[in-house]
Amino acid sequence: MKKTGLLLSILIPVGFPFLPLVLWSFAEKWFYPSLVPRQFGMRAWDYVFNTAGSQILGSLSTSFFLAVVTAVISLILGVPAGRALGLHDFPGKKLVMLFLLLPIIVPPLSVAMGLHLWFIKMNLAESFLGVVLIHLTFCLPYTIYVLRGIFSDYNPDFEAQAQSLGASPRAILFRITLPMILPGIIVAALFSFLLSWSQYLSTLIIGGGKMLTLPILLFSLMASGDRPVAAAVSLVFIFPALLALTGSAHYLGRTGLKGIR
Amino acid sequence: MERLGLRKLTIQYGSTTVIRDLHLSIQDGELVSLLGPSGAGKTTILKTIAGLLPPSDGKIYIDGKCVNHLPAEKRDAVLIFQKPLLFPFLNVNQNIGFGLKMRHVDRKTAVRKIERILEITGLNGLGTRKIHQLSGGQQQRVALARGLILEPAILLLDEPLSNLDPGLRGQMRDLICSLQTQTKTTMLFVTHDQSEALSISDRVCLLLDGKLRQSGTPQELFYHPADQDVARFFGCDNILPCQTFLPEQSPNGRKELFAIRPEDIEIRTNNRNQDCIDKSWFNGTVEKIIFEGQLTKLTVSTSPGYDLTVLCRRPSFHPGQSVYLRFPKERIHYFQEPPEES
Amino acid sequence: AGHGNSWEKTVNEARGKTVNWYMWGGSPSVNKLVNGFFADQLKKKYDITLRQVPVKDIAEVVSKLLVEKQAGKKSGGNVDLMWINGENFRTCKSNALLYGPFADSLPNIQFVNRSAPTIASDFGTPVDGMESPWGSAQMVMIYDTERTPNPPRTIPALIEWIHSHPGRFAYPAPPDFTGSVFIRHFFYAATPTGPNKWQGSYTENELQQAEEATYRQLIELKPYLWRKGTTYPESPVRMDSLFSDGQVDFSFSYHQAAASRNILDGIFAKTVRTYVFDQGTIANTHFVAIPFNAASKAAAKVVANYLLSPEAQLKKADPDVWGDFPIISSNLLPVNWQEKFKNRPRGEATLTDAELQAHQLPEPPSNILVRLEKGWVKHVLKGR
Amino acid sequence: MFNHRNFLLSAPVRLLAPALVLIVLLFVGGLILGFLQALGYTPDEGLGSLTFAHFIAVFTDPDFIQSLSLSFTISLISTLLAAVISVFLAPTLVYGAEKSRLLHFILQVPLTVPHLVVAVSFLFLLSPSGVISRLCSFFGFLDSPSSFPLLINDDYNIGILLVYIWKEIPFITFMLLAVLTNTGPELNEVGATLYGSPFQRFCHITLPILWPSLGGASLIVFAFTFGAFEVPYLLGKTYPVSLPVWGYKLYSDIDLLARPEGIAIGLIITMLVALLIWFSQLLIQFGYRRGILS
Amino acid sequence: MERLGLRKLTIQYGSTTVIRDLHLSIQDGELVSLLGPSGAGKTTILKTIAGLLPPSDGKIYIDGKCVNHLPAEKRDAVLIFQKPLLFPFLNVNQNIGFGLKMRHVDRKTAVRKIERILEITGLNGLGTRKIHQLSGGQQQRVALARGLILEPAILLLDEPLSNLDPGLRGQMRDLICSLQTQTKTTMLFVTHDQSEALSISDRVCLLLDGKLRQSGTPQELFYHPADQDVARFFGCDNILPCQTFLPEQSPNGRKELFAIRPEDIEIRTNNRNQDCIDKSWFNGTVEKIIFEGQLTKLTVSTSPGYDLTVLCRRPSFHPGQSVYLRFPKERIHYFQEPPEES
């Protein structure tokens, strides 16, 4: 009973903002002050899937590959770093940690502005790689942050046990270490993915509109005032993120997406 | 044949020496226990033998070959950790077969071996269980099976029983004993529990302060401790000066202290005068009586000013009572060497 | 023939190339036209892939080119074509950010009356073939015949109307281009000698006086605006929503067919109509230009040329598609095309060509435009 | 190439090196290059023309104080509100519905929704003709549409605040939930047997437990909202604008001279955030010394 | 005066009943231990008394008042948990003073009380230490002090020693005893360690399978178990049928089984024929000998086909040897009731 009340008091405020998005995306004619659209229709969805389909699909895949590549690189660099910070003690650890985790707090705006000119010179601006690099500046620290937490609860004796049972270092890495930290890897990957997925300004500065990601497309659509289309694209924008969340819900466990921004 | 040999083994963490100049030799088929209090460095030794820690000095021989420069996975010594450390993403069979897989043993042989080991460790039918579906005792048995199946030259067991309930502990102790008899696996068994070490092993090695203090049969260590610390470790609190208690018995001037086990002291009420004329009896007062079940522990203060611990069965004393005590001659243990200052 | 030969070479060179056309992406109907009909035709005719890059404000692209120039990126730039005019063109031209002159070499330029002042110069900056025209537009007022049967047809009447209907009027905050064109009408109204004054010579003093009068009017109007002028709709689109939601009674657009389009899309009520002020409303021409470092210059030229084709111009003028004015003069066209242009459909809320052309005002030079925008921010918005 | 034994055994330095190199190059490098540009460095003129003029121009602009205080108020209020609500929400969730996976899932949803989308949906909700206004008018609370209070592009930044609060409450709550589930209910039970009433337990046990991570989470929220662009851009007033919006507008101005000022504003935001971290560290240390914290 | 009374207490988690119909009464100043194996429900009982779990049935009286409907903070019972659970954000003094603060005791009194309790728990000088600067034993003492200072009607201790090293455990046991004598605090002490329970308490209550099986002095439980399970719990494995072993001694027909403690069985080699003429001696064969230190455990198979466990000191037997055994009459324990089927 009490639990149901609690559930509702969370569900309603969380769910309410989705209501106008859904309603608008199906609205054909909806004049103020009628409560529900006077006429429902698929114009907006038709625009999203047919008229502008290739553009929206294109930006969907740009966003997606950007986020996936960023997440993968973050993991490749972040797993060793997280291990060092979570498992080892060494002089200067605090300072290194500050360095590696500071980009979580500093807004990406300043870094992107600073790097832009040099990225242009090195032909990195408006390129996939350039945008991946700028996303890495804040995704990698988040990955390290998550994996540090995982590794500080990690028992390296599992590796020693495997080695004593005859496992080579390579076998240990792939058969023991990675499976053991798999939940952490999934969470970290999800973090990176979501951060990169929803990034607007730094993508715009470095990608210059050429890297047409969903947020950039949505932003330019917002100027159109075509509310049904903006609502439909917004929903398209949320959907993969929700899918990723649902898919990894099992690994997130009780701590959930602790620390995602 | 010597399965394991340690020669002048010294192990350091950074600059602190944990183990110094350790010598140890274990023969084929022996079950040796390494006994020591918490923090003595037992795990450290096992890890070094297994190749998980580099020694700072000394040599390690397995089956007569020096293995100092072999990595852990190439040594024929398998370490079983204190916690079962089963891989949670593998089932029981896969856990037990892990080592075989690492050695590329073919599937058929592996399956046969796993079946046999499940049998002798009493895990039949649990092969396809997930790890979290096992009880603590079952997990520990899987961990044992995982090591045993590799038939290593030596199996190193790090307090495999300390995480178990007292009831289970007895069962597992028996299981290890019977496995050892069945498979003739040479084992080095680490524990901090003396009764475990005394009851399970052919030979006990006592480790105190990073040094091997004494090595011998359980009875040797228990009844003939090499020094005061060993005696105290085995619960012999009564370490007394010869001069005060045994002025004439003292066999030669060099022996200054002797030990007598609490359960070896004879104690009587001093109202039955007829027997107490013997000069070997002396006076004491009962200070404290603690019933501990099979034995009751008395603290008795003696006239020379020493508090003695006496263990006896079903005593009929009460605190404050005056008693007679006697040290049976054959139970007195003189230390071989002059005791060190501590 | 030599001319034809080199164009053939251009077309050949353009084959298989991709053209990134950076443009304002705020209009779904324009997006649809570009990504649909234009892209299909270009692919079919020239094997050119047209890729629209929608941006919020083309000024961002200009500043991007500036940085690229600064960074020394002289070729291989991503922008092949951009939709541009006015101040942005002036900045580009004066900073040598443009490739050209190229416009006069386009075969289809023959359909354009190049001597018309609005085509020869862009907001007072001579075009010099550095950009190619592709459409023109005129500001129209939008109202709902049901709510406001008799809309005010002069600026003073509008001011009076606003006074008597507090909170029912809003305009987007300059430098938004619709808001900016709106205040230019006030500026023209505040010019005693009429709008053409600024096309010729004028003194700084005269300009200052007109400017100050404009700001005075607008400041005085503030308390009667929507939300008492504490905030402004930040885009024409936001103003359209306010209008369609009945929050305000007028909207306006720098695009004469926008209202018809909105009625079709169900955004405006069927009773919405447009009108122009008696003194006229400002009209301008929009162009496409090729940046200095564009990667596919030839293909960009082919696209610019295609945009001037009667086929593309007619499609663009269809109110169902966009409804933009054709930039080509129908009397320069072959006869069969002349017919088609004459009989092209118009949206129900769109005024006739004659009505619109009779009420056209020129844009002031872009330096005045910039001064007005900055001055508005300083005096009207920030109240300094 | 990658050596597996190194991964398992080698010194932390080697594990950290790749990540450190990347962060130093991109993050630290970006800040330094930004600083050079804010000082007026251009590839054409080189280092010769360095000047603090752009910083001075920003600092002396009367808009600076306005923008700063706007950004600061938005961040402060949204952080405070989100923190306060989370402090009450987290214990309620842990002690009231610890095992409800559904609830946790629902609460995670806002974390995955980009700020941009939230801003769009709140625009549809709160605008004068938005869903809420329609609801009010449907139930007869409004006589005319213009009597609906302005919640978007308004003087009090209600829309921005609501978006941030909606987004950040789950964020802080999850940080706190992790602490509470790690600590378990035992300390609270101890408090109960030591005569602490529920309110006393909340003040003397739950709050002190939550304090460190609440501080950390709030710091992150504050810094993020302070440096964020999308939400104030879409939902903010025409004037004054928040610091990041101002900075980006200057940065993307077609007047090239405005660009260093834009970068300068970006760096000022960074410096203010760094100052905030330093200050909060100082506060914590002060707390340690005074025994307020432990 | 009754400090704590439990009447027909039943506790369930969901639908599984953990404790059924428990009766218990603790008088002022008593130290009662609640003994039971892991999972018996000991912690559950303490939590219920303290008010942290609602009972599903029955009444709880503290100082004669029924407290069923009082929340934990209003009950005059303080629970000390297995882990010290000190508040990490408070120092030692603040931890100890926590309960006083909750009661709004004035600062002066609080300081005085804290000083006194620091004294008697041997924590002088540690008052301003941070928690993480304390050793495990010190932490446990602070936890004790934190409860003791409140002078509750009853102090509930949940295995306070089980997390400590064996050495420390003895010290803390002595400390609790002496604190109890000094402060006369009524205590309910939970443990799963029988020697702990036997040595520390005035009265022991044995909990098995959610039921209170026996309650009495340590000696009563040890020597006079109420039933087989109790006997087995205290290590008396020899539970034998009267008919087979004691056909004529059996006092009345109803008693079917008797128990004899392993250490009470007399054992002799059967070559000294002169003594073994007594009919009370019978034959056996030594099967297994396990040296456990003070005592050695023999498994002896008897001709009636039972395996007996015999504990004796320094035996001189070897496996396979034939021996004579005897059950001293006065050591035989007949069960009061017919044993239940299990």
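Each chain carries a letter (A, B, C, D and E) given by its place in the written order, and its residues are counted from 1.
Just so we're on the same page, a residue touches a chain if its C-beta (ideal position, glycine included) is under 8 Å from a C-beta of that chain, and two chains touch if they have at least 3 such contacts.
Not measured: the values here are computed from a predicted model.
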item: Neighbouring chains shared between chain A and chain B, ordered by label; value: none
item: Smallest count of steps, each to a touching chain, taking chain D to chain E; value: 1
item: By number of C-beta contact pairs, the top two chains; value: A-D
item: Distance-maximising chain from chain B - centres being C-alpha averages; value: C
item: For chain A paired with chain D, centre-to-centre distance based on mean C-alpha positions, whole Å; value: 17
item: Chain C-chain D separation of Cα centroids, rounded to whole Å; value: 39
item: Distance between the centres, which are taken as Cα means, of chain C and chain A, whole angstrom; value: 38
item: Between chain D and chain B, distance of the C-alpha-averaged centres to the nearest whole Å; value: 58
item: Overlap residues in chain C, where contacts from two or more other chains coincide; value: 60, 67, 70-72, 241, 245-247
item: Per-residue multi-chain contacts in chain D, two or more chains; value: 5, 43, 129, 145, 251
item: Touching two or more other chains - residues of chain A; value: 32-33, 117-118, 121, 168, 219, 227
item: Chains touching one another, given as label pairs in label order; value: A-B, A-C, A-D, B-E, C-D, D-E
item: Interface residues, chain C side, partner chain A - complex; value: 20, 22, 24-28, 31-32, 35-36, 52-56, 60-61, 64, 67-68, 70-73, 76, 78, 235-238, 240-241, 244-247, 265-267, 269
item: Partner chain E, residues of chain D touching it in the complex; value: 186-187, 189-198, 200-201, 204-205, 208-209, 211, 291, 293-294
item: In the complex with chain B, residue positions of chain A that touch it; value: 155, 157-158, 160-168, 171, 176, 179-180, 182
item: Touching residues on chain D, where the partner in the complex is chain C; value: 42-44, 62-63, 127-129, 145-146, 150, 153-155, 237-239, 251-254, 256, 259
item: Residues of chain D touching chain A in the complex; value: 3-5, 7-8, 11-16, 18-20, 22-24, 26-35, 37, 43, 92-93, 96-97, 100-118, 120-122, 124-125, 129-131, 133-135, 137-138, 142, 145, 166, 170-171, 174-175, 177-178, 181, 219-220, 223-224, 226-230, 234, 244, 247-248, 251, 262-263, 266-267, 269-270, 273-274, 277
